[in-house]
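In what follows, chain A forms one complex with chain B and a second complex with chain C.
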Partner chain A sequence: MNQRHIYAIAKKEWLHIIRDPMTIFLLAIGPVLMLLLISYAMATDITDVPTVIYDQDQSDLSANLVTQLDASDVLNVTDHVNNTTGYEDQLEQRKARLVVIIEDGFSDQLTTTQGLESIATSAPRFSFVIDGTDPLSAETALETAVNISGQFVRNQLNTLVEQPQTETAMLPEQRQRLRQQLRAPVDIHTTNRFNPDLKAIWDLVPAMIAVALVLPGMSISTVIARERSQGTLETLVATPISKHAILMGKAFPYVLIALLNVVLMYIVARAVFGVPFRGNLLVYFALSGLYVLATLAIGLLFSILIKSIEAALWASMMFFLFPGMLLSGMFFPVDVFPFIVKLETLELPVVSGVLINRGMFLQGVSVKDLWWNILLLLIIAVEGFEIAGRLFKKRIA
Partner chain B sequence: MIQTHRLSRTFGKRLRRNQITAVDSLSLTIPQGELFGLVGPDGAGKTTTLRMLAGILKPTTGNATISDHDIVDEAETIKQSLGYMPQQFGLYQDLTVDENLNFICDVFNVVGAAREHRIHELLDFTNLHEFRQRRSKHLSGGMQKKLGLSAALVHKPNLLLLDEPTTGVDPVARREFWDILTELHASGSTIVVSTPYMDEAERCNRVGLMYEGKLMACDTPLKLKQLLPGVVYALRADDLLRAERILKTNASVLDVQPYGDILNIIVPDESHHRQLKEQLSQHDITIHSLRPTPPRLEEVFIYLVRQYRKDSNLQQEQFA
Partner chain C sequence: MIYRILNIAWKDLLHLWHNRLLLILVIFGAATELLIVGWATGAPVDDLKMVVVDNDQTAISEGLIEHLRQTDTLKLNEDGVDVFDNHDNEADAVHDLFTGGNFIFNPDNIMLIEIPAGFGEQLKTGQQPAIELTLNGANSLASTTARRVAEEEIYKYGTVIMVQHTFSGTESTAPTEIQILTQLEQTQPDITVKYNEELDRAHYTAPSEAAFVLYIIAIMIAAFMLAREREYGTFEQLLVMPIRPIEIIIGKAIPALLVGYANFLLVLVEMNVVFDIPVRGSLVLLLALAAGYLFVELGRGFMVAMVSRTQNQALLIIMLVAFVDITFAGYAVPVESMPRIMQLLSNLFPIRHWMIILRGILQKDVGLDILWPQLLWLMGLGIIINGITLWFFRRSLTRQE
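And now, the complex of A and B:
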């Protein structure tokens, strides 16, 4: 293989890239733009879920609870209703995602001695109705409401049990029994490793870096089709330049641009989103290089297999972009997929890319922990280029 | 230089009706130093033939060699000393004239001072000096063709394959282009050029007439004209359409070909002159002139195609 040939092809390919506004945009700005936009859009933590209260109890105590619910960041009490149809309408009109029903007798049970006695047999009752069409925000809201009301009831009971003898008709043995009931059976402590505040953006940005790097792969998938449609392939294949020189020369500028994007996105992740980086930076750039090579190998293979620009673009979109978003593990962990889909993800470099990025940024994992994904990427990169070289013929039909 | 033996190429799946035989058993020998014209209408198989010779299209059956190298097994060797210019502009539209030529120089390992010299020479040759910095998409059709030719000449190839280099080019540029070709030929290059234009064919050493994938005749223009079994009379008259209809009923007339305001009539020999005149007068056609005219390749080609069609129709009837 002739180095001058590779250089000649790379140089002209570079000129094609910088002279086509669409390509230069997609390659130079596309990934960083995608990282910024999607990360901002997706990583918004859930707040202010519209909540409607149906308070059957109508007491000071229930009003107190409602104030506490409203005080939470997640919930926003928008309305009060006094019958079932009231909140049904609100749910249908999507004015409410969560309905909290405080049943009659709530305050009686929590303020009077008879009420307290009856707790052992029947606890105070709340009902919650959620909008199932939006499970993500509804469930977050539900969890918050359940926690707040549970805590509220426990606090209320504690105050009652511990109040001075002069203000209550409670007998000492009664008090003792209630104390025992109120003691929690298990003492729970939670620690969030790697992401103590559970910031969605810390999780999303590294994954998004891997997904955004499919753009160069998509872009390279049209390089041969473009020469074919412009009639330049006919000239090129009639010269003595070797087919491997053609392919390597074409891949070269794309590798450079993709690596540049890795550096840019690393800076954006650290500086703009404040994501910590705990791995080895050199290892990270080396593995990103491998990941970039694997995506470009597949893109190049597509460009040889698919004869028209449009078809190549569509195929690479179906292969890179949609699975990149949905199957990469960015939103749904790959482990939960059915076996057949898991098998399919083996050939998607983006799955390994997401794991490597998350691992390097948040967990500070080492090469040893990622060996399986590194092996996969290596196989994809080597085999991709190898098969591309074998399938590419210096002929026009 | 070039030898083809029963070279054929089909497109489409075998055993299907839509299979097309683009080139059919082409056997051809082109010696070193010849300016050879491949002539025929669109779809005759000229492009397919040139592509096979350029080593970028595999023949279905048959074989061919260029300087004793097989066009399939040794395609890459052949490409070292071959200049191929496709019919469609085959250089990069978004690159300038200079960038395109430099790229081709890189590909053919023309470097250093030799490159400077060669590019200068080619730009002189094609008068493209002032357009060096222009993107090739902004060149006129004729300039694009010249740039394409320059790119094919960068490495001083032994053999030039030019696919319709003058199609879509204005008459002045066409003339210039042929002057360049003649100059190249004079300097010893072997050139195979395809063209749909008969006047261009006249400028070749030898001409191959292709039709429906077959080589119908192959010889010097002079000898090809002798294939015409008779003489040509050019008729100018008041009603050429009617004259054509009438003459076609005449058994001794071999062919009648309208050409502008002239009707070319092919008859076996001069003795038919009188008979033609009489027949036309009988039908009240006013003859302005009826003179013998030297045959051009055009008349020969049309005559051969018509004969070929007649024969193949006859064959089909026999089979049926």
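And now, the complex of A and C:
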């Protein structure tokens, strides 16, 4: 392979890109724009889940519970209804995701000694109805509601048990049992490593960097198809430049653009979103380069395998866009996928990209920890170029 | 007029037919995608690896480990204890435990549980022993799930031990584990989950994916069909033909409508058969609204084509637009949780309304009496978007002269 040849092809491809200002703009700014827009909109933690109250008790105590529920960030009390159809309608119209039903007798149960006996053996007089269509936010909302109301009930009962008039109304062992029931058996302390407040944005931004970097890969998937459709492919092949050199040259400008993207996105992640970076910066850029090469290799492979521009674009869309969002581990952990799907994710460089980015930003991992992903990317990059080169020859002949 | 429209449609259908690979990719690509995504995300978050460091070494602490191990969610990593013991510094140990896994054969540890010395004794006498949970925050969904399950199970186990040991009556009348747990269960508030009773993630991601399928097909086919004409220079020929712009648009919309519809039906069947998500509402209404939605997105596809010169540019623009659309569809984060300004903005994106319609009819069995605001939005957006597209067409017409 001749370096001058690669350089010549790279220059030609560069001219192609640069004479088309719209494309260069989209390629250079696109990923950063994507990172900014999407992280801002998506990295919001689940908050303000619309909550509707059906309060049959209508007491100060129930109003108090409602205030406490509303005070949490996760829930937002939007309305009060006074019959069952009221909240059914709100659920259907999506005005409510969570319904809190406070039954009649709620305050009696929590303020009288007779009530104390009943709460030791049966459910408290409130219940929840939740819209399960979005399981993730439903789980968060439910957990919050259950925790707040549980705490509320426990506090209320604790004061009641300790009151002097309770002493006369209850047997000592009865009272002892209630005390015991009101106290948690174990005191659990939880710490989150790497992301102490579990901020969604810390989680999302590094993953998004990897996902946004597929743009150059998608873009390169049409380069050969374009030469073919414009009839310049024969000319190119007729030159004394080896096939591998043509491919390398074609990939080169995209590598440059992608590396520029990496730098820009790194700055945005640190400066705009305040995500910590705990790894080695040089290693990070080197690994990003490797990741870009792997995506470009696959893009080139599509470009050679698929003859028409539309089909090539469509294939790269199917390969890069949706798996990028859904199978990359950005939202759903790859660890828990069924084995077959895990095998399928082996060919997706974006999975390794997400792991490398998260590892470098949040966990401060070293090359040693990432050996598996580095190996995978190396195989994809080398084999991708290799197979592309071989197929290129065959297809031309 | 109809004759001219059909001619355009026929020409584009021929294009599609000659490019059979594209057709296959379009139709089966989406169906395969749905299968993989639904399958992957529908899987319960199971077998999360935890490391337990037991400083107590009593029957009670071992019982707790055994209890945690029996859940489906958590899986004990016994080697982890050695890793932990080999470090002097706890922070380093945690770092080593939480990094260095690979996702396919050896996933990362998600949680570290430290049981203090004296745990069993304190629990028996009701002194609230402290347990430390450390979570791998780099994998937030998995660690949130692990935390929830661990807290719940530790609580249950602790209650059983505490109640049994502080019971003051005779041995024979002491409550059994099952009795204690049943009572614990009884004192919890009732929870009713509607529309997706199992809180199954596949019931969320599969309909979302179905909505995206229709969306992406409409916008891509429309954009590529037109961008292709522009790239090859045949757009001018179209314009100088005695056909009105609106006829070109409708003619070009027909193949996309056909392909989009075929695909949507395929996906609906697949959802019903594979993922057991039936259409609970009116299928006719759903299909009618799907056609309306397709028209809106086709208009946007044409708009993308009118601002780009080549198909490559169209693709890059669509990538950007699609990511924003998917965001505002409320897929990853509910729109209600977004900043206020974003919530207002989200109304300008047709896919937001389409998502509400699809989910409403599919899962909640609601009709137009509830979905009319979405329908109005879609109609309004459709008129505006297609109006702008027509204006683009006219402008390029006058520019030619």
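Here, the second predicted complex is superposed on the first by the 374 of 397 C-alpha atoms of A that agree within 3 Å, B and C clash if a C-alpha of one lies under 4 Å from a C-alpha of the other, contacts with A are read in each partner's own complex, and residues count from 1 in each chain.
Here is the rule we go by: a residue touches a chain if its C-beta (ideal position, glycine included) is under 8 Å from a C-beta of that chain, and two chains touch if they have at least 3 such contacts.
All figures in this text were calculated on a predicted structure; none of them were measured in a lab.
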- Message: For A:Ala286, using the defined touch cut-off, is the partner it touches chain B, chain C, both, or neither? Pick first, second, both or neither.
- Response: neither
- Based on the superposed arrangement, let me know which partner A:Asp20 touches: chain B (first), chain C (second), both, or neither? both
- Message: By the touch definition at the top of the document, which applies to A:Phe128: first (chain B), second (chain C), both, or neither?
- Response: second
- Of chain B and chain C, which one touches more residues of chain A? C
- Quick one: classify A:Glu234 as touching chain B (first), chain C (second), both or neither. first
- Query: Just chain B (first), just chain C (second), both, or neither: which does A:Ala8 touch?
  - Reply: first
- Task: Have a look at where A:Asp335 lands relative to chain B and chain C in the superposition and call it first, second, both or neither.
- Result: second
- Touched partner set for A:Met325, first chain B, second chain C, both or neither: second
- After lining up the shared chain so the two structures overlap, which partner does A:Val367 touch, if you call chain B first and chain C second: first, second, both or neither? neither
- Overlap of the chain B and chain C footprints on chain A, listed as residue numbers: 20
- Task: State the interface residues of chain A toward chain C in the complex, per the touch definition above.
- Result: 20, 22-23, 26-27, 30, 33-34, 37-38, 40-50, 76, 91-94, 97, 119-124, 126-139, 142-143, 146, 149, 173, 176, 180-181, 183-196, 198, 200, 202-203, 215, 218-219, 222, 226, 229, 306-311, 313-318, 321-322, 325-327, 329, 331-338, 340-346, 351, 355, 358-359, 362-365, 368-369, 372-373
- Complex contact set, residues of chain C against chain A: 19, 21-22, 25-26, 29-30, 33, 36-37, 39-41, 43-48, 94-95, 98-104, 107-108, 123, 126, 128-144, 147-148, 150-151, 154-155, 158-159, 161-163, 166, 168, 183, 186-201, 203-205, 209, 212, 216, 220, 224, 228, 231-232, 308-313, 315-320, 322-324, 326-328, 330, 332-334, 336-339, 342, 356, 359-360, 363-364, 366, 370
- Interface with chain B, chain A side, in the complex: residues 2, 4-5, 7-8, 11-12, 15-16, 19-20, 230-232, 234-235, 237-242, 394-397
- Complex contacts: residues of chain B adjacent to chain A: 11, 51, 54-58, 75-76, 79-80, 82, 84, 86, 88-95, 99, 103-104, 106-109, 111, 151
